[in-house]
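So, here's a batch of structures to check.
Look for subunit A in each of the two complexes below; its partner is subunit B in the first and subunit C in the second.
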Partner chain A sequence: MIGIPLHHYLVVGAVLFCLGLIGFLTRRNLIIMFLCAEMMLQGVAINLVAFARFRGNLQGQAFTLFILTVAACEAAIALALILMLFKRRGSLDVSLWQDLREAGQEENVDEEPLPTAPTAVPDPVLTPSGLEPAHRQETTHV
Partner chain B sequence: MSDMYAYLWLIPTLPLLASAATALLGPKVLRQHSHWPCVLAVAGSCVLAVLAFAQSYGHEHAHSHLYFTLFQAGQVHVDFALRGDSLTQIMLVMVTFIGTLIAIFAAGYMDGDPGYPRFFASVALFIAAMTLLVLGDNLVLLYAGWEGVGLCSYLLIGFWFTKPAAADAARKAFLVTRIGDAGFMLGILLVWASFGYHLDYDGIFREVQRQYDAGQLDPNLIFWVCFLLFCGAAGKSAQFPLHVWLPDAMEGPTPVSALIHAATMVTAGVYLVARFTPLFVLSPGAQLLVASIGGFTALFAALIALTQNDLKRVLAYSTLSQLGYMFLALGSAVREEGGSKANTLTTFAVAAALFHLFTHAFFKALLFLSAGSVMHAMGNVIDMRRFGGLRKVLPHTHWTFLCGALALAGVPLLSGFWSKDEILDATYEASHTHGAYSGFYLLLFAAGLVTAALTAFYTFRVYFMTFWGELRVPPEAGQHGDDAHGHHEPAAHRQRDVEPHHPPGQGQAHESPYLMTVPLMVLAVFALFVGIVLGPLTGNSFAHFLQETLTHEPYGFGEIPHAMNFAMMGVSSVLALGGIALAYYFYVAQPLLPRKLATQMQSLYQLSLNKFYIDELYQAIFLKPLHAVTRFAKTLDQYGIDSVVDLIGQTPRLLGGLFQPVQNGLVQYYALTMMVGLVVFLIALIRNL
Partner chain C sequence: MPFPVPTPFAFFRLDALWPVFVPCALGVAAIFLLLPRPRKGRTTLFGVLLGGVALLGVANVTRTGLLSPETVLFYTFAGLAIVSGALLVTQQHPARAALSFALVVLSTSGLFLLLAAPFLMAATIIIYAGAIIVTFLFVLMLASQAGSTDADARTREPLLATALGFLLLGCLIYVLQVSYASNDEHNLVLAIQKQIDQTRDKKAQLSQNNIKSLKDYPTKVMAEIVKDSTDANAQGQVGGSAHESAEIQRQLDQAYIDWPNVDVDTTTVEDLRVALTKLEATLQVTLLRAQQQHGWLLPNAPDRNIVSNLSGPAAVVPNQGNETSWRYDDEQRPPMPADNSAYLGRSLFTDFLLPVELGGVLLLVATIGAIAIAHRRTTPARVP
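Now for the complex of A and B:
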């Protein structure tokens, strides 16, 4: 542990942060974007922990605990929000929400269509033996 | 007896409470009973006023009662003090008594109007303000009442505010009187600043007298003080340059015309000048101004009244003319050159003015209410050319109108005769003093005589045109009474909109209900006999009561001599009877003659019919230039000031337009912007380090 100098940790943190940033800027899936944001947070947290370790006090670690708590809360809110957004538009594509732009702006239209999602292979259905049990038809939109 | 003064405050308070109650409860709770608070409160005030009068009559009594200090700041000291001297009590009894009768009449007249509660709330408020005006012991309370009656006048003239003519008339009345009130306000301030910072009457009069005795009184100052006070009086009492609002004020309901624009509010100016007689006698120039404005208005309005065809407008011009008489008398209250303060003519002239005010209130209110009764029966038609010969159809109204007309014309022994005679007498006396302007007063006296004859003529012209000759009834007649409850629009509007349901005929025109005719009869009795009972023939008790105040401190004028001028009575009787006879000859014996005369003297006729083009003159002199100024100001505002303001508003908009594309709705762009911003910030930070 002693042998690993500080800048190694900082590089790891920076790499994590940049990966998260690039993911956030390039992906359109809301959940992926959320996870990328989390990754950026973790990159910062590594920085703090590393500094705390090398300075020999606990301030950075305490701060990291707060970051984790806030990230947990954020996850709860963000996932709930994403759920609602999905219910509204039936998709996780964030560009479907660009009608929230300033009035009078042009809409950004994709130049080439998105690759269609692979059609889900239907679950194998077993032929029921005996009486089919009465079950409620449950509809979910998730 | 001084205990009655402790209750004087109730006199304005009762109608004020009634007004508040009617305004709050009227539309939802009281509805068709909205007249009760007003009638009861005004009647209660009347009883209190009469009681106060009865207690003080013939007794030495204190002048005023101090309740509490309203406010005090530096040199300004204003008390809530009410004054109960004879001048006030005469006004008070007159205002509350006539107010009660008119409120009762209005309960019948306004029946079925959708604004019924609003009407009685305004009337009660008016009575409260008017009694405060005459009761107040200082200029601030007087001014409060003064503006209060102005407000109520505005509200009541514009009572049928959906009618443009009424709304315009209300605005005109308010603005024209405002011109006078501005002068009055300046007058109050000048009095305050010049005479020892007093605002109470006694203090002002004592200080003026002290300065006069010490020879420190500047004649110019006293003239300007009187001039400014008279500005207010002329505005409120509709004297010549500011008279234009009163005829238009006839757009209001007729009881309002009777109460405010004949009997009470318009006499506030007379009261003001009478109250400030001690100042006016010190300035012969101001008195001449008052007398000449009064005399001129009397003659001028009488000439206009000769040719008007609107029943109420004739009465309105007659009111102007009679108010002019009162000011003529007040202006005649001169004192001898170098004479002592104990001058008898001053007392006599002021008493004459107040006596005429008193009698005029009765017979003019009577005439207006009778005209209202005629309107009521004729379905709100007021043009005298459209009806006639109503003697048989409206017997009660006919007799009461006749009583009022006889009193106004000055037929011997009736009330108008005595008071008008005293005014002429006072003017004649003024022309025989050794003042600087005595010759001018002779001219005014002549104008007064001519006016007396004209008054008799135009009054009986109206009377004969309305009640004599062939029976003619307009098709609108009878709608008011029959359909009033079915329609939810003001009665005055109905005549234009609704086709007549009934065939025209006298069957539809009916006498007014007793609720309306009984007040008329009471007023008629007073119009006939108030002059003879209180006048010079039976000991002149009115003047003696009034001179209790005028001969005491701080007024201190001489007592009235016990002499009757029989020659003057003879002359004015001949003039009055001559005017009536001429009217009979013109409008009953030779009904075609007036038209022939009108065509022969077309220019004079048009001059009188168009009210000497005063309104058109004001339009050209004041309103046209004012319109030009407003147009210029509007242009300046639109293109000068507005463009600067617009420029200031456009700058952020243009700047915002530069950055607007950033907000394109894609979250990634926002994040990228933040990122770029952060990088720029970090680079700046590092470079600085």
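Now for the complex of A and C:
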């Protein structure tokens, strides 16, 4: 009997979970943070389905269906919340909500400036066609 | 008689640590270099290179050493999922991040299909790729911002968070490696399987002429198993547990004691056939034990009542002694079930009825909540 052993699937699930964790901790865009949380859920779902396969029953698959349900609910609520937050501050940056921190905590201030956007190259000006150019008067005669 | 890997089982072994530690350290460097930050120099190329090496390291931890369609598909889907997951984390543009999340979902669905869950594959694609990502893209369009912003071009504590995440990953992979399998044990399973096949062949070709070759046959079997699995040990892989090796040795010793004294004049073919059958059964038991130890698919033991399986009924069904009524293929695996969704549905409405109802209530509450949050409260226009 040749096949992929169980723990290979578990390793894939663990990698997806940890990548999602890193993304959730580091990224500042609210939407990317929620996508990373969804990716953590995907890692968990791989674990559950793999256990269902290797134990030969359906419980893991049923549990994964409930994860899907909760993920759908979470997405709906999260998007509504994100929209409301965006309306208040005009940006998806989660650091704009630092004033919700506790009393003793220091504010996190960005020191390194953002790169300035490259200045737009001006459009080339075409010479108008159909007009006779002004002739210069010749000054020397041989 | 020598037997492989009688090393004492130590939980913390340094030689087992580096195949996990090195890819994780490379991964920390790769993700840290790839994460968006202002004034990013030419670090992207280094990051991609380091990430590729780290991915190869993880593949080394989970290598099987066989090339079958299943392994090729597994590595394709798993690699695609991990690469697009890393893209999602490191992508500066949110719309591209959402698209790489769609790739993660698609390759995860491929893994679901490999794991005999076709209904979940379809449901995941429809719900995630079809509904959630499209909604996210809509919100992205509503909240579109021009140029690079604080939200996209900066990260919070990139080094600490990356190190933390990969520390967790290293611990998880290490524990999985120690507790489930290493390649030796994989080779041990393969070696036992090979001997079972050989014993079967010997039984098929048994005749009065080749009786002599079966003298002390269990000793040969054991020597072969030792040879096949010590070859792998020599490559410096993580060893198996001493307990298991001793168990296999004990069982094969018993088979050796039971083995008839082969003599051309007195031993009949029938005696040897019986002995070979017994030996094959012993080997099957050892194989089962080794597989169970290391997370292989559990074969359908005839005396075991299967409560439910991926393509079988959900409720407890007495074993009717009719093997063909269970849907198993020649290798005793439940085959890819075409009626998986039917049985999953039956299981949901018998075993999981209350959770299903609660899930429905949860969806309803979430809908109401989303509407209540996002509802624009306007003062009603006055009617003159």
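Couple of notes before you dig in:
Just so it is clear, the second predicted complex is superposed on the first by the 110 of 142 C-alpha atoms of A that agree within 3 Å, B and C clash if a C-alpha of one lies under 4 Å from a C-alpha of the other, contacts with A are read in each partner's own complex, and residues count from 1 in each chain.
Just so we're on the same page, a residue touches a chain if its C-beta (ideal position, glycine included) is under 8 Å from a C-beta of that chain, and two chains touch if they have at least 3 such contacts.
Here the structure is a predicted model, which is why all the values come from computation and not from measurement.
For the composite obtained by overlaying on subunit A, subunit B and subunit C can both be accommodated side by side without a clash.
By the document's definition of touching, of the two partners only subunit C reaches A:Y9; subunit B does not. With both structures placed on the common chain, the touch criterion links A:G20 to subunit C but leaves subunit B unconnected. When the two complexes are overlaid on their common chain A, residue A:V49 makes contact with subunit C while staying clear of subunit B.
Using the contact criterion defined above for the overlaid structures, shared-chain residue A:W97 touches subunit B, although it does not reach subunit C.
In the superposition on chain A, A:N108 makes contact with both subunit B and subunit C. Once the two complexes are laid over each other on the shared chain, residue contacts for A:I31 go to subunit C alone; subunit B is not touched.
Using the contact criterion defined above for the overlaid structures, shared-chain residue A:F86 touches subunit C, although it does not reach subunit B.
Among subunit B and subunit C, the chain that touches a larger number of residues in subunit A is C.
Between subunit B and subunit C in the chain A overlay, the least Cα distance found is 7 Å. Comparing the two interfaces of subunit A, the one with subunit B and the one with subunit C have residues 21, 25-26, 28, 94-95, 108 in common. Against subunit B, the residues of subunit A that register as touching in their complex are 21, 24-26, 28, 33, 94-95, 97-102, 104-108. Of all residues in subunit C, those touching subunit A in their complex are 31, 35, 37-39, 58, 61-62, 64, 66, 68, 70-71, 74, 78, 81-82, 85-86, 88-89, 91, 94, 97-98, 101, 104-105, 108, 111-112, 114-117, 119-120, 123-124, 127-128, 131-132, 135-136, 139-140, 142-143, 145, 147-158, 161-162, 164-166, 168-169, 172-173, 176-177, 180-181, 186, 193, 291, 294-299, 306-310, 314, 331-334, 340, 343-344, 347-348, 351-352, 355, 359, 362-363, 365-367, 369-371, 373-374. Contact residues of subunit A toward subunit C in the complex are 1-12, 14-23, 25-32, 34-36, 38-39, 42, 45-46, 49-50, 52-59, 61-62, 64-66, 68-77, 79-84, 86, 91-95, 108, 110, 112-115, 117. Subunit B makes touch with subunit A in their complex at residues 660-661, 663-668, 671-672, 675.
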